[in-house]
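Listed below are the structures to be examined.
Two complexes come next, and they have one chain in common, chain A, joined by chain B in the first and chain C in the second.
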Partner chain A sequence: MMELSRRQFLKLSGATAATLAVVELGFDPKKAQAESNEFKIAHSEVTPTICPYCSVGCGILVHVKDGDVVYTEGDPDHPINRGTLCPKGNGIRQLYTSEKRVERPKYRAPGSTEWEEVDWDWALGRIAENVKKTRDESFVVEEDGMTVNHTEAIANLGGAALENEEVYMIQKLMRGLGLTYIEHQARI
Partner chain B sequence: MKHTDCALIIGGNPAANHPISMRHLQKARDERGAKLLSVDPRYTHTSSKSDLYAQLRSGTDIAFMGGLINYAIENGLYHEEYVKHYTNASFLVTDDYAFDEGIFSGYDEGDRSYDNSQWVFQTDDEGNILKDESLSDPRCVFQLLKKHFSRYDIDTVISITGTSKEDFIEVAETFCGTADPNKTGTIMYAMGTTQHTKGSQNVRSYAIIQLLLGNVGRPGGGVNAMRGECNVQGSTDFALLFHLMPGYLSAPNASENHRNLEAYKAAETPSGGYWENTPNFLVSLLKAYYGDKATSENDFGYDYFPKGRRNYSHISLFEAMFDGEIKGMFTWGQNPVVGGPNSRKEKKAMENLDWFVSIDLWETETAAFWTEQSGADPTNIDTEVFMLPACGPYEKEGTVSNSGRWMQYRYQAIEPKNDARSDAWIVHNLANRIKKLYEGENNPVAEPIQALSWDFGQGDYPEIDLIAREINGYDLKTGRTVESFAVLKDDGSTSCGNWIYSGFYPDAGPGEEKNLSKRRDDEDTGMDNYLNWSYAWPLNRRVLYNRASADPQGNPWASDKEAIWWDASQSSWVGHDVPDFGADVDPNSEGGTDAFIMRGYGKASLYSADGMTDGPFPEHYEPYESPISDNPFSKVDLNPAVKIWDGKMNDRGSVSEYPIVATNYRLTEHWQSGSMTRNQEWVSELMPYMFIEMSEELAEEKGISERDKVVVESARGSIEAYAMVTKRFKPFKVKGKKVHQIGMPWHYGYQGIATGEIANVLTPHIGDANTMIPEYKAFLCDVRRANS
Partner chain C sequence: MTTYSKLVDVTVCTGCRACMVACKNWNDLPVETQAYSGGYQSHEKPTGKTWNVLQMKEHETANGGFEWLYRHSACYHCADAACEKVCPEGAITYGEFGSVDIDQEACVGCSYCVYNCPFDIVELADYVTEDGDVRQRAQKCTLCEDRLQEGLQPSCVDTCPLDAIVFGEREEMLKLAEERLEKAKQFFPNAQIYNPPGVGGTKMFYVLADKPSVYGLPENPEVPTSAVLWKDIAQPAGKALLGVTMMGVLTGYVTNKLFNKGEHHEEGGEVDESKHG
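This part shows the complex of A and B:
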């Protein structure tokens, strides 16, 4: 769970608190109307994130309701952007809602003209086998009397948009496998 | 930035590409009357928000900055006390160092490389560097610098940069005015600076002027890289680069220097400066990699690390793939078919792969490299292609590090969409499966991967706190996380996955959570450092080398520019920031003015004796493809230390065939290769089409009108797009001749909602001499109306 100071918590939950105050008044025809007219973010769960685009590092609040992202806005507490955002940062709701997202793992066989949907178990199993085959065929343990333990037949590219924990794991696995072609966006 | 008096923005366009950074510059303008100077080939959004715009032809930064350096020295506009105490200005260089007609001493023409042993400092019998504190000895760095840049007089400079004399002088006067100790100036740059055959030296030229003006390590100062991706700082820190290991340790290579752990330590550990701790960082890293399999008997598993034998950078990688040497590839949120240089060649190279795995939110151009839509013939491509759906940034949790090294936590707001998974889940499950395939094997090929420790929990998802603890480092006896990298050891008693991050998860016992990147106290702790908001590496220091914010005696240079200062009553450095210096090192003691603690001798490098492959000082050379053939600074046109890639699909354009200079840039509405934004409706609608921006003068010469379809052709290929005719480009006057420049966004490709042709079809496979970063920002082309 995120840790919020009381002041920040109040700020974050302001909209929700206002709605609760109405509910606590008991049954009232006005209440029904208020509920139907209330903001779509009234009962949303708010989670802070950091913008995934440039590296200024602006804070964004993500509003989630009924298993959907209903709204995103600049984090008013964030010292870098204080609630402001650029057009890209403003639109990050559509990273979730876009219909262009790849829904499940896909595979394209050699020579095939199309994708086929596969499950994760099969895809990861097949990839692991490919890695082992290529690695075993190309691995050099020793060269000119020196231990080198590398393979130059597998390349790994990316990714500057991933999280530190993820890139740590990726480079650890790839170096652990002996890759020398480890590169990403910082080079280009 | 809010504390700056002058911002020189060159090689970047923050108003469009880092918009929120402009908020802080605007405050500097409003509150301090700061001046904004925009130097760029194009009149950008940033130019429109600046006090002065100066035009600069792509690829002439060093000429421009060399002119500023010369102006500062000639006019006595440098911060003398800062230069004397905090830089290597007084160091004496041996007589071996020379510079003649564009070439530094030690050059090997056959190899196109330098032997930098001829660039070293004079030393006494004990190895101490000889100095001349008066800065008058002709072999001292200051005098060599002065001599080198005396050739950069204003008239010669502007004859090739294309800048007007009035504009150049106004930039020089305004920016060099920050030599006043009461003032600071900052330089902000981005890929317009680095993507050149001398990109690293471009940055060096910025660093040199900033050191002369006394602007490094001070509030409102610095040489600031505006980085382009939310975690490109972190992904660099964590070494997704061939030549590094986490925390900027050199990756081992197959040379005698790195033959074994002892050799590596001897070669990579300088005497003096904080890198003296290299063995502690390396052995702790080996413990993080190999756990119990890293013992003092086996050099802590040093031999398991792959040793490379050549350059494996991006261009080299795709050249090798084109030649059939690479059989398999992973891409994690990277799209080289759009973002790579000479992208048609890179796409073609992928056809040689046996297998390819794309991990992304979208089916990118790279994932679809084999489709008919991409122009390929799928029936002739034998590559197995896997498209693995990654989840979006707020569908998972973890940290990202921004340009200011703030490591900030991103929480999970919602479950991954559809059947998507986080990259952490994917790599975790892949690692477990690969390790399982090697179970029971007993051979030297299997051994390194069997030895790799992979202890991120037993669950389907890796446990983020276990990863965080491994990165931060811990004491192997107690299991408690370390508070600082200062306690890391080279005896195998500590483990640490990335020493520079040590301290973000401090003093936590097993199972105890203590992640400082989650902190959200938004109160300003002084000078806008927000020390209790998130965490900045190293050890929460917000401004690097902040010892230089105070004078040699330890008092702030200026009362409204306080960062840290020496408090004699406490015998300690105190202030608004965490000292990037020994907290109890008295300014009057030995090393008390060695502000640049990562340097072996504690001083910043006006002269780089060993850091660069292409010379101790920056020198202007023309781009690989240049509109002129008579460089006024020497007979050498191209940086003599760059590698030339020949072979198929590496044609070089000449000015006779391709007379127009081209560059590329980004738009506010799109991001990088466009895969993130061109798949979203709103921003796609805001910026739907690929275009070529050109001056009214060029459009008239070519009979092109706004919105005409035009063809741009380089030696690598051609693309078609709409013409956008603006006043933002103006022809340059270069050596008395008119030179046109055009520009274009590089965000577009054939997938997604907003599609367009790929700008990088035009760019060459040629890179910087130090980093091999491609020269995207200056190449030659021709432009014409498309046949309708």
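This part shows the complex of A and C:
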């Protein structure tokens, strides 16, 4: 056996270590990687809401992070659905994230084929004007000798996202205007 | 060690597809449009971007009646997974909650797992690299391992309105499956538990209303023999040989350089000296 100098011995040791690293006796980087990824809904702001689709009225939790809805799920504390959701309610996140979402009121003038963006004040004013005009034109005080005080020219359609109190208010307003066609989306 | 399982009792499933949407929602999976197949089913089978698909089978009963057979289909998380065996990158491993995981960083998109999956579940999906190139890698259900680590249930389990999908400790789930089977047998005489032993049992297992073949499931799925040969015999042997060879080559190289230095000097090989400085 030849004599090894200190320098030669170090070189040999280095080569051995390098070889062992090559043949996969190193540490496992996967674990470290997994721990560095943050949980999707960590530090998200959670807001409870009611599903707008059907009359069941399931509770939903909306997770917001950095101004974006990152996840929606059934509210486990809600007595109606207890954390579960149907596929439609599960897709509620897209109400906010979808590219097709309409963010401002749109107006299509009579006879026009184009929708134009309008502001809320204008839209609400226009609705109020038309309601008043239509009601005044079509209001019937008496019919076949009976006092009816109604209009059959306007109809109202409620939605499932309305709660008891809101529905009560709408009912009051519409009856006050003399409407008889008062319906609800969740009954259709 | 405690191991966990997802039990899918298809006999109470109404085919509402909430599990499909919840999966897309949690995992931020994109829309995947497919051509209309002529039935009520949305997608043909799970893909790299649609990790679970509700199968809807039209079935004629023994007395000539009609019934729907619904089935939540996703990765079965085999205890003895063929994909884990064939992956040349070692990117597929077993998670602490019984899942079979694909390490997205390590996957090179070779599709060995795609061809060897006995259930035809795992598929490749496109992704965009940091450089903007479009590449492919294998993707499938992760059993929501990130949620499990935080003490939550998988999103399909959480959302199921009928408790058709349940997750928990394997022993409990096996017990629950027996109870569910008893109930199912009142309506479906052929009802049975589908937990195929050919793949070591699956961590996602069914209570089926009829024979597996009626659902289009393999009766006795097995890990391909070639996969067993590759992973359990050829690969360890190859690794050992590779190690020995590398050691031999490197040691030989270094000793050769060290002890033959004199000769190099005689030949005037100053270049080697500077390299090893």
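The rule is short, and it goes like this: the second predicted complex is superposed on the first by the 113 of 188 C-alpha atoms of A that agree within 3 Å, B and C clash if a C-alpha of one lies under 4 Å from a C-alpha of the other, contacts with A are read in each partner's own complex, and residues count from 1 in each chain.
Convention: contacts are C-beta pairs under 8 Å (C-beta built on N, C-alpha and C of every residue); 3 or more make two chains touch, one makes a residue touch a chain.
Computed from a predicted model, the values in this text were never measured in an experiment.
In the superposition on chain A, contact is made by A:S55 with chain B only, not with chain C. In the superposition on chain A, A:E73 makes contact with chain C only, while chain B stays out of contact range. With both structures placed on the common chain, the touch criterion links A:L177 to chain B but leaves chain C unconnected. Look at A:F39: by the touch rule set out above, it reaches chain C but stays clear of chain B. When the two complexes are overlaid on their common chain A, residue A:S98 makes contact with chain B while staying clear of chain C.
Residue by residue along chain A, chain B and chain C are tallied for touches, and B comes out ahead. In the superposed model, A:T84 lies in contact with both chain B and chain C.
Once the two complexes are overlaid on chain A, the chain A residues touched by chain B in the first and by chain C in the second are 2, 8, 81, 84-87, 89, 91. Listing the residues of chain A that touch chain C in their complex gives 2, 8, 11-12, 15-16, 18-19, 22-24, 30, 33, 37, 39-40, 71-74, 76, 81, 83-87, 89-91, 93.
Remark: chain A residues 2-5, 8, 45, 47-59, 62, 64, 67-69, 77-82, 84-89, 91-92, 94-96, 98, 100-113, 115, 120, 123-132, 134-139, 141, 143-144, 146-188 touch chain B in the complex.
On the chain C side of its complex with chain A, the touching residues are 16-18, 20-22, 25-26, 93, 103, 105-106, 146, 149-150, 155, 158-161, 239, 242-243, 246-247, 250-251, 253-255, 258-259, 276.
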